[in-house]
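In what follows, structures are represented as structure tokens.
After this come two complexes, each holding chain A, first together with chain B and then together with chain C.
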Partner chain A sequence: MTAVLEARDLGRWYGQVVGLNDLTATIGPGITGLLGPNGAGKSTFLKLIAGELRPSSGRLEVLGHEPFANRELYRRVGFAPQQDALYDDLTGLEFVTLLVRLHGYGAREARDRARRALGRAGLDTAMDRRCAGYSKGMRQRTRLAQAIACDPELVVADEPLTGLDPVGRREVLELFRELAEGGVHLIVSSHVLHEVEALTEEILLLHRGRLLAQGSVGEIRDLLDHHPRRVELEAREPRALARALLAFDEVAGVTLAPGHPDAAGGRLIVETRDVQAFQRHLTATAAELRAGVRSLESTDASLEAVFDYLVR
Partner chain B sequence: MTAVGLLSASAVLYANQLRRLARARRTWVALVLAALPVAAAAVIVQFAHRYEGPPPAMSIGWVLQVQVVVPILALILGSSVVSEEVDDRTLTFLFTRPIPRPALLWGRWLASATVLSVVLAVSTGATLWILRAGLADHAPTPEQLAALEGEDTRLGAGVAGPLMAAVLIGGLTYSALFAAVGTLFRHTMILGLGYTFAIEGFVANLPGKSQTLTIQHHLRSFVAGYGSPLWRELDAFQNAVFGPGPEALLTLATVLAVALLGGSWVLARRQYVLPS
Partner chain C sequence: MTTARTETEVYRPFAGALRPSRLRCLPLAAAGVRVAVKRKLPLLLLYAPSAITTIVFSFVVYGKFTLEASIERGDAPPGMAMAAALAGTIAEVRRLLIQALMNTQVFALLVVTWYGSGLIAEDRRLGANLLYFSRPLTRLDYVLGKLLTVLAFGALAMLAPVLVICAMAAFSSPEWSFVKQESDVIWKAAAFASLWVVSLGLGVLALSSLVKRKALAVAGAFAFYMINQAFSGVLVALFDDPDLRRVSVLENFLRIGHWMFALDEADGHRTWPVADSFWILAGVNALFVAILAWRVRKLEVVA
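After this line comes the complex of A and B, so read on.
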């Protein structure tokens, strides 16, 4: 298997702020998801891959080349950046055509390529409108179109699903799968686990500029399953319910907290190793005790919390 | 398909930028500013009396056109060449193409310089035409001029040509300078305004050698060197130190070349960190 990307002790600082810290990883062919909460270093990593930034330390090779200011590599890589920026005074077609022309294609060929790419990205009917009038999702699709218009070997997409509605997400995911089936390698970032999961098995987990884990989604999930989740609930009889819940194996701890001032009863914060088993037991126990459970909320289901757990 | 060369990439960016500038707000602002000397000329011919010494075309052409309109228009059109791409965060799209990075500066600057030159040429030409047509009856006789200068100085000769040349050369030099500054700093417009008023507006008119550090000084030397001796009689040139015309032209060309080459050097090496 030839590596698409190899990073060795890769670091990038913005003054005193660490964007990426000692990252060592190898990315193979196909689709790879780059997962991490906001501020994890995903965009920095992708900008280094796309050659927009130069590493502060370490070494990075993409398709066998160092990327920064490497014109030979730019010919083979398509980059869809995260920033919501287009030439608003141009139409989508004019914008993509301009960028394709900068790959050395003639006017007609560039226009045809731009048209095809915008069509693949789902902008058939909107490509002749000015970008200023585009919705967030259409702008996202335009950025994708310019990335794929010149048939790159590698597409690097930074948060490409942000701003898309559910139908749009499905279409873009389908486009990524098509590209991968056609032999294109993709590196796609997201801060939402299920988005990446829907696309690929191979993921890199980043957090605070560091690589936390690399592997298949299954392996990462196994890792996460050991993470005690916090569930908050409000009940009319919190003390009785707390005593009963502590008897279950999956409950690691229960804390009593003041409830809403206008409501009788109180609030329980439960730490559990198995949310599904806990919910089954809670339903039965609450009914048996007539505990009057009013609300139930998982407070740390966010990816940020999961990452916090992984770095502890 | 190989990597794209500097010339072809610059040509693509030039054509695109020219089309964009044709409908850009900054071009309309430039047109309004360029109309000021024309309007001033139209007002002056309404109230003109017989004059002696340098014709009003020189005063208006210099004070309004070269000292004010040229640097400000060059700032409006030149400062955006690179900094607009940075401020709008669209630089990523151009910097991840297989083109030499300096093509961005060359292509976009040439487009700005084209628009700037056309606007300035039309504005200066219209101003001179209005003044020539409106003041023909009020001009001093050649004898009066000869007495003033001690030599035969034909009115009109050495005024329009050098003024037009100074306007165009000044526009190109200032715009290249502001474009180059845009490769280094953000908020080029604010920096450029500060430079225009503090250095070109103030230092250029101070007595002594410090004025030689300004573009205005070299433009003055250029018109005085290549134009009518009447240029030296202008009130605006009271504190002026004049250098030889060819040297002034060479200095201006050097500033322009250094600005473009320096800007290209910076663009080729610098990383621009754009917020996501």
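After this line comes the complex of A and C, so read on.
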């Protein structure tokens, strides 16, 4: 009975270059997104989880065990690296079969497992073709297939959405959801913020080898007190409404912007330090002024906005 | 930042039938061979010389014995003369066998260099080692798998021709006389071929582990053996000491070969103690193993 992953003061450096520094985090079951710009340390962290790298400092436990050189744990973790890694002269089926055989399965069972995994990854018709003829997306799917072929408890995928077309991305995300529903835990790194956001609420944000934030996007956003929340609204009488709103303490600023060309009125971008108080005041003020508020949305509660705030 | 949560979960037990076998290197070796044989042209070009040598020498050996038999039938020589003629033929076949072995040494060098050079270098370039080492595969398994791949190709280039020629001699000689009288040459040839192929394989894999491109490893392997040979030649010329040929790996193999097959050293080229050659080759191979261990250990660091 333990968390999927626990890292304490985890560090890894390559000579003078710091890959990961003092990372302390706990990852629970389900899907977790690992986000960060290039060089943030995502791949290093994933390789540490997969047991490819030995930590330079600190401690890491995956499924209750230290992963480096832990061959028993390797049976329980599937790793899809970012690197191409495929042998062009083998077919997808041959390649995945080889990797499954390295787990100790017999030739027939390995082939069956490889076939099933490639099928789940959407390569039913292409698995007997040589990898040399695969598109970037198909190569990505092959890497995913080898990661899930041995029914791991934890799948670690490094940038699994890179190179996939929109349909492919949807299918892979669907596969991740299926795996999660089946009890598999996933740690997925990506640059594609909105797709990770669609996949999971639980994220880890890394930047320059350090952990910036962990938790759900909403929770993290709530903690960013020094950045006023931004709310966009469309109103029939934007100027009058803006004037009235500026009188409230929680409103830090109001910007007028052109509204929808087909609609009368305009758009207001309000920066507020307390969204709930603002909403209370807005309702009363809008009614009093007959400002005709048509829409209201929070524009910076997205992962992308949170990410921008944190790394800026 | 939110407080980190520690979730509890009962993990699914591992399901599946794992073989208890520790020989994880075998699937890796088989895959290496499978990848290599997908390209037919290099296979054809590299094995053609070995195949031609095998066929030519097999026919010559076959001819020696059958010709001898026909002469015996025609002239009906007395028993002593027959025995002497057969002994001469067998000695001639032995010489042919050793000649074939020495010829195939070069072909084995080509084959092992070509097929072995990319084995680790390409894995490093592609990042395939990331897939291997996230599985219950030790680094020793990995090296053994790669080495077995190389040995398979090397053995096919060098050991197989010798064994085919030996088989031809055994079946063609009357009353299995070749096997009865020259059995030592068979195992010695097999031992020499194995030594050559293993040493080459280790060397080529060590070079392959140092670079990320097959072409560089191929060039490095040829450069190593050629520069080594040329350097020994320069030393011999400079110091007028033929024993300095010992500096060359190839010369040491020749010395061991000549010693094993009791070949004449009348030219005085390789007169140093054969034990020196064994020590030198052991040292070189230990160096290759050390490089392999170091580089494969370093495979964990992939930027």
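In the analysis below, the second predicted complex is superposed on the first by the 218 of 312 C-alpha atoms of A that agree within 3 Å, B and C clash if a C-alpha of one lies under 4 Å from a C-alpha of the other, contacts with A are read in each partner's own complex, and residues count from 1 in each chain.
In this section, a residue touches a chain if its C-beta (ideal position, glycine included) is under 8 Å from a C-beta of that chain, and two chains touch if they have at least 3 such contacts.
Please read all numbers here as calculations on a predicted model, not as lab measurements.
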Chain C versus chain B on the shared chain A, clash or fit after superposition: clash
Contacts of A:29 with chain B and chain C, given as first, second, both or neither: second
Chain B versus chain C as contact partner of A:14, first or second or both or neither: both
Touched partner set for A:253, first chain B, second chain C, both or neither: neither
In the superposition, chain B vs chain C on chain A residues touched: C
Partner chain in contact with A:153 - chain B first, chain C second, else both or neither: second
Contacts of A:90 with chain B and chain C, given as first, second, both or neither: both
Common ground on chain A, meaning residues reached by chain C in one complex and by chain B in the other: 14, 50-54, 71-72, 74-75, 77, 79, 81-83, 85-87, 89-90, 98-99, 101-105, 146
Residues of chain C touching chain A in the complex: 1-2, 4-12, 14-21, 24, 27-28, 30-31, 34-35, 38-39, 126-128, 130-138, 300-303
Interfacial residue positions of chain A with respect to chain C in the complex: 1-4, 6, 14, 24-26, 28-29, 47, 50-54, 63, 71-72, 74-79, 81-87, 89-90, 94, 98-99, 101-106, 109, 130, 143, 146, 150-151, 153, 183, 213-216, 219-220, 223
Of chain B, residues touching chain A in the complex: 1-4, 8-9, 12-13, 16, 20, 23-24, 88-90, 92-101, 268-269, 271-276
Footprint of chain B on chain A - complex, ascending: 14, 43, 50-54, 68-69, 71-72, 74-75, 77, 79, 81-83, 85-87, 89-90, 98-99, 101-105, 146, 158
